[in-house]
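Working notes, structure below.
Note that the chains take the letters A, B, C, D and E in the order they are written out, and that residue 1 is the start of every chain.
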């Protein structure tokens, strides 16, 4: 929705820096994210390609012949500044919020045409191929702050927008429009055992994430495609930076 | 026993034989209906599509069917706007084909979409920058125009002719048909283009991303050209098939040759444009996105042969055949060339849909393959069966080929 | 000689019932009136809990709105039966077994809507009647009508079938929220209100 | 006058109706309402059941006992996170812990006590269960040693373990603990080599600059989640020489092997040869200060004699690891001390044979990673609860057919003690009692299954990991109501013992009183991380209060071991060690492809956890790479 | 979609896109509206029948649409562009003016090739004749050539008195075997009395306007027309399954359609009586 002319609220551009030297591919981020955002547990026939996963951890092997090492790359929605999904959605179910930089996926307006999934180069979007069900009464333990999506709609990481909304409500109760950054920590950042994910406002130069983003060891996935993602990765290993910031390794 | 329904002067098989012809297609329709019911009741997990292959068989065949259905707008454009009178012989059949292709495509889109009951959201909250919004708007409007063009053919049928008030309406509609043809051309120009634009704007996939001419990617114009080329070929092909099946002379041979000529020249222009576009795409656009063109074809299932097949074997060869007077003279060659042209367009749509999503984008992606489930194939055969049934019934009870009467007199 | 109907008459024969069904019958059939589990009079409680709303409906320190008081608050005064049959029902049905009263919230937004009371009360300083109407002085709980098709409360669409709003609280759909936000000069994005 | 209705009139009426409908709100409102109907999720999100609170507790899924903060709406737990300042887990938890609040509703959760007999199963009420267990205990007490009681404790060191030992002592039976797995076996092997039999050792990875794992999945988050990756990434800031590097010695390319700085793939079974080969290179090239080593150990020359046959050439022929790699690894370890060598298991997950543990222990002694100040392996005290009741015996020492009544603890996982090891111990008409909260696993073999408490249902003191650098104690708070059929094992056992008229020896003081009495260590607040020394506390109640609010007691470092550790444990000779290492044969299970190695927890995975196995590629089992020798 | 929608973005791209869309909808709607309006006007003005004739005229084969002056050789080979509405045709007016110059050609012989074509009546191209009566009414009947071809009819559906017939619209229907053929009316008016095949006229009609029969054939055109119809009959009969036709000379059969196989009869009669 186009903001109308008025005193513009302060701009935030929430982003992440994920340290690939720390990530061990344990999947705690995926599980914590699923608990926090009411992501449905796997139905009977779901596979790695039809499951709903908001932050997918993939293994990237050292392409050099002698290299036996791997790094594990957690790929949430990259919250691009020029999102390829927003401009293709036919009914504006996807919207880059100028105030927070988060790319909203409004499930109630989503037709399920899945064009945004085809357009996203990071495969960060999942479709509800199955009807979301919570077995054995765990439906009573769902997070009241996040609404469950319906079968036939697309969903993706929202940088735990529910927690941002709660933080803004808390700040509002205390009479301020700006949230306390400590109140807004996404579930994956909180759950990562190796503390590999740093989250914060890229627009605030003093924040940890902005400092790390400026370092030379930080890089973006698929930089040349012009999507300008706000999720950065870093590693002290040159081979990691070289092989992952390159758009594509052609393996015959 | 249904002679009073058949237009005077046309000879059709007996009703039992006609029903015998319809029986297999009706069975296919029933099977397809069951698959579609499953997709609605159980959900889209019945298909083999997944988070990587968001578009599958249905979207691919939607594009192909709409490209082949472009015969309606192009024949209408040549006849009503450019006043090429000889096309009067096939315009009715082209309109019926167009209507069936578009209505079938929209039907399968309703099954493919996860929440069909919210389809009107695209109209109520349109994102004017999205190619799919433009496709949705134009597809629905053009289906309306096609219905309006189809109505006169139905109202002139022998039984309905007695409803005088409707016949008068049909007569008046016939007078203003040129307006609808022009509107149809305008709409088709945009949605054929937008279907091409669907893939051209995807800067996430260097394989399908194309630099833009004005505000549209180049595939916008390529899809229009290829649709306009494939349309007449498809009309020619179907007319030939129907005449072979019904063992009747339906149109004068020079009408088919004229269609072939038009399709040939357009195909030639398309192949030229496609060649230039591919060169720009391989040497400028992709490298700028940081991708080596060789990587597009580095995988066993999609080698460079597929590009050669699409542009040369199914593009240049039929174009040259259709352009040369001598080749067009022999009906066998004419039909073969138009069939090749149609397959060329179908292959182009396949490559844009399936190969785009199969190729890896992230460094740690793998090349993935996809094959449709039986539900997907059955649902599509539902549309094919629906098309054949309605066309057969139209061919029997309506006058699709006005010249058939004189030709019948020999 | 048979009476041949003139064209406009047969056309009107179709038009009139359709209009009547659409304008009169449909609005009534669309909503089902569901009685509240207990009679409740704000008026009667006004003296006990003080005339301001935030006596019972307070805003928590973490910005979460407490909403309708829990059954412990009722048990405070209504420990035993006595007074009106309503109180008996309350005590017997809910206070003794300690079960929450399943109130039907007329102003309940659909599941995917996040409506934070905090900014509206603490920052915009709106008073409750602006969206909830004069419930504070009402003698019985606001009647709850559920839309048979969408399952939402009628107060979201509003009493008038064509959304003619006599006063501010007649209907709280997205259009109403946005109009108010635009008047207040606030920027609004999807994630502000959708969860 | 008959009305003449022609088709034209019907047509006109129909168009009139259509126009009327379009001009009325009916179709438009219908379309809008149907769209809103499609927006209602099949599973509506529950309304908040009360104010939000972050409730502290401790995870009881595995011995590490991570500090948890459970986010509850009213009393409904919604999500689980780690306690930021918790000393034992450092604020981290593993994926299992993240779904701990779903476990109480798991389909495999046993909800009533059941008695199994030939004709099938029958549910038991609580007092019927007490009576049955009481009778079994009485029978065992009466039978004495042959046909007596055997209690197998899944996690020794807990207050419940003290009760188990008391009951075993009262009934004249035995109290057994499962064999130690992974790095704990190496520590056990080392403590066997020390003059003080009761020396307990812990490992503090923060002090190490080289960590060599022989199959232990330390980088996959086993043990304290995320500790080693955090230490290694933290050390990346320091100059190259100072960095912590991990060497994984494993036959399969597991996730740890992929993450390690170097991966060495020996033939399974040849680990002992490789370790001795490294030792030989260290000794031959004089990379060590032999005087310092001899000052702290005994029997160096015996170990040298054992390592003698293992020239790099022999090692490469035995294990398939190139000779140059062996030499380079040895030099690297020598140059970057303190280094620590930890055993894990062979690809099939079964523990390493004894001669390999001995070789690893010797290597640790050579590298001086034991007992020195700043060395990774440190001495520590046993744990807060003072030992009492029947002394723990190894399962191996229990004679076959001698057990009349077998009591299985709730935390005993079938991977640690498979049923095939317990069956031979049972007498013909033995009774098996299981206190496991879950159906399946060992509980299926139990005649009497009395379900205990699942995670987040248990309350009480939880000791830390036996391998940690220092003993810790924190408290578990019950946040989820347990099903009525489930019992608190401690209360249940006391009632059964009373029913069997067993006179229990006096139970040791509770862990909190034990800690308070010792006046040792400090209580670290799980959220802020600031410590209050136990000495400054007024009463055990105050200590309990701090633990209840999410605090964690950490013991003071233990004094260095006085005696000198010997290279060869009693009963081992240099020749037996080298002969065993030469005859390298892989364990039969190791021949098959390796199994996916989950953390050793008895609980079945919650539905959301199966997301990792079914909807991501993270849990695909690693593929065997090393050349197998028939 | 609409400017007052809450999430309407007032940007040029939106106006362009929705502008184009509403323009297309407007064009389609107005075109449909115009066509519907014209149709409504035609129906209310009773031109439905003529419109039907216009539709049918287009479907007639070429040889049936020859101009009346092409029959008489004045304008050889001309196809009538106006569906036989000669009154408005200026070429016809000019030729009639010239023709009035020369003396009336010899009155046609009453019988042509053995057919009875009396000259007191005017002939419609669809083989119906109209004879103005003294009392101002007009009698309508089937000419001799067609009655010979049609032969014995199973049934004849005649409009009752009081019903209206319009020129070129359906006058009455002939049923024979599986054939259902309508005969075009030569005059517009209200039926006063119905005759039948047995009597010498089928209908007696009171014409709306004074009967002038401008578009009907008379005089020497009739002979040329019958000769042309004779050739057209060969073409009609010659259809895909050739029927034994009259080569030359010989006496015309009394009931030709009896020899035509039933499957073909409907087509033959339909094409001959200009009913596509």
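Assume contacts are C-beta pairs under 8 Å (C-beta built on N, C-alpha and C of every residue); 3 or more make two chains touch, one makes a residue touch a chain.
Note that the structure is a prediction, hence the values are computed from the model and not measured.
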Hop count on the shortest chain-contact route linking chain A and chain B comes to 1
According to the touch definition, list the chains common to the neighbour sets of chain B and chain D. A
Which pair wins on C-beta contacts, A-C or C-E? A-C
Which one of the chains is closest to the middle, using the mean of its C-alpha atoms? A
Chain separated most widely from chain D, comparing mean CA positions: E
Whole-Å separation of chain centres (CA-atom averages), chain C against chain E: 71
Distance between the centres, which are taken as Cα means, of chain D and chain A, whole angstrom: 31
Distance-wise, how many Å sit between the C-alpha centres of chain C and chain D, to the nearest whole number? 53
Two-or-more-chain contact residues of chain D, please, as numbers and ranges. 34, 37-41, 44-45, 48
Shared-contact residues (touching 2 or more other chains) in chain B: 115, 118, 121, 124-126, 129, 133
Contacts with two or more other chains, residues of chain A listed in rising order: 1, 46-47, 50-51, 58-59, 61, 92, 108, 131, 146-148, 150-151
Help me check something: in the complex, which residues belonging to chain C touch chain D? 1-5, 7, 10-19, 21-23, 26-27, 30, 60, 62, 64, 66, 70, 110-112, 147, 149-152, 161-162
Which residues of chain E touch chain C once you look at their complex with the stated criterion? 5-7
Quick one: in the complex, what on chain D touches chain C? 1-6, 8-10, 12-21, 23-26, 29-30, 33-34, 36-37, 39-41, 44-45, 48, 50-52
Hey, which residues of chain E end up touching chain B in the complex? 1, 5, 7, 9, 11, 13-14, 16-18, 21, 24-25, 27-28, 31-32, 34-36, 38-39, 42-43, 47-49, 51-52, 54-55, 59, 61, 178, 180, 235, 238-240, 266-267, 270-271, 275-276
Quick one: in the complex, what on chain C touches chain A? 59-64, 110-112, 114, 116-119, 122-123, 178, 182, 185-192, 194-195
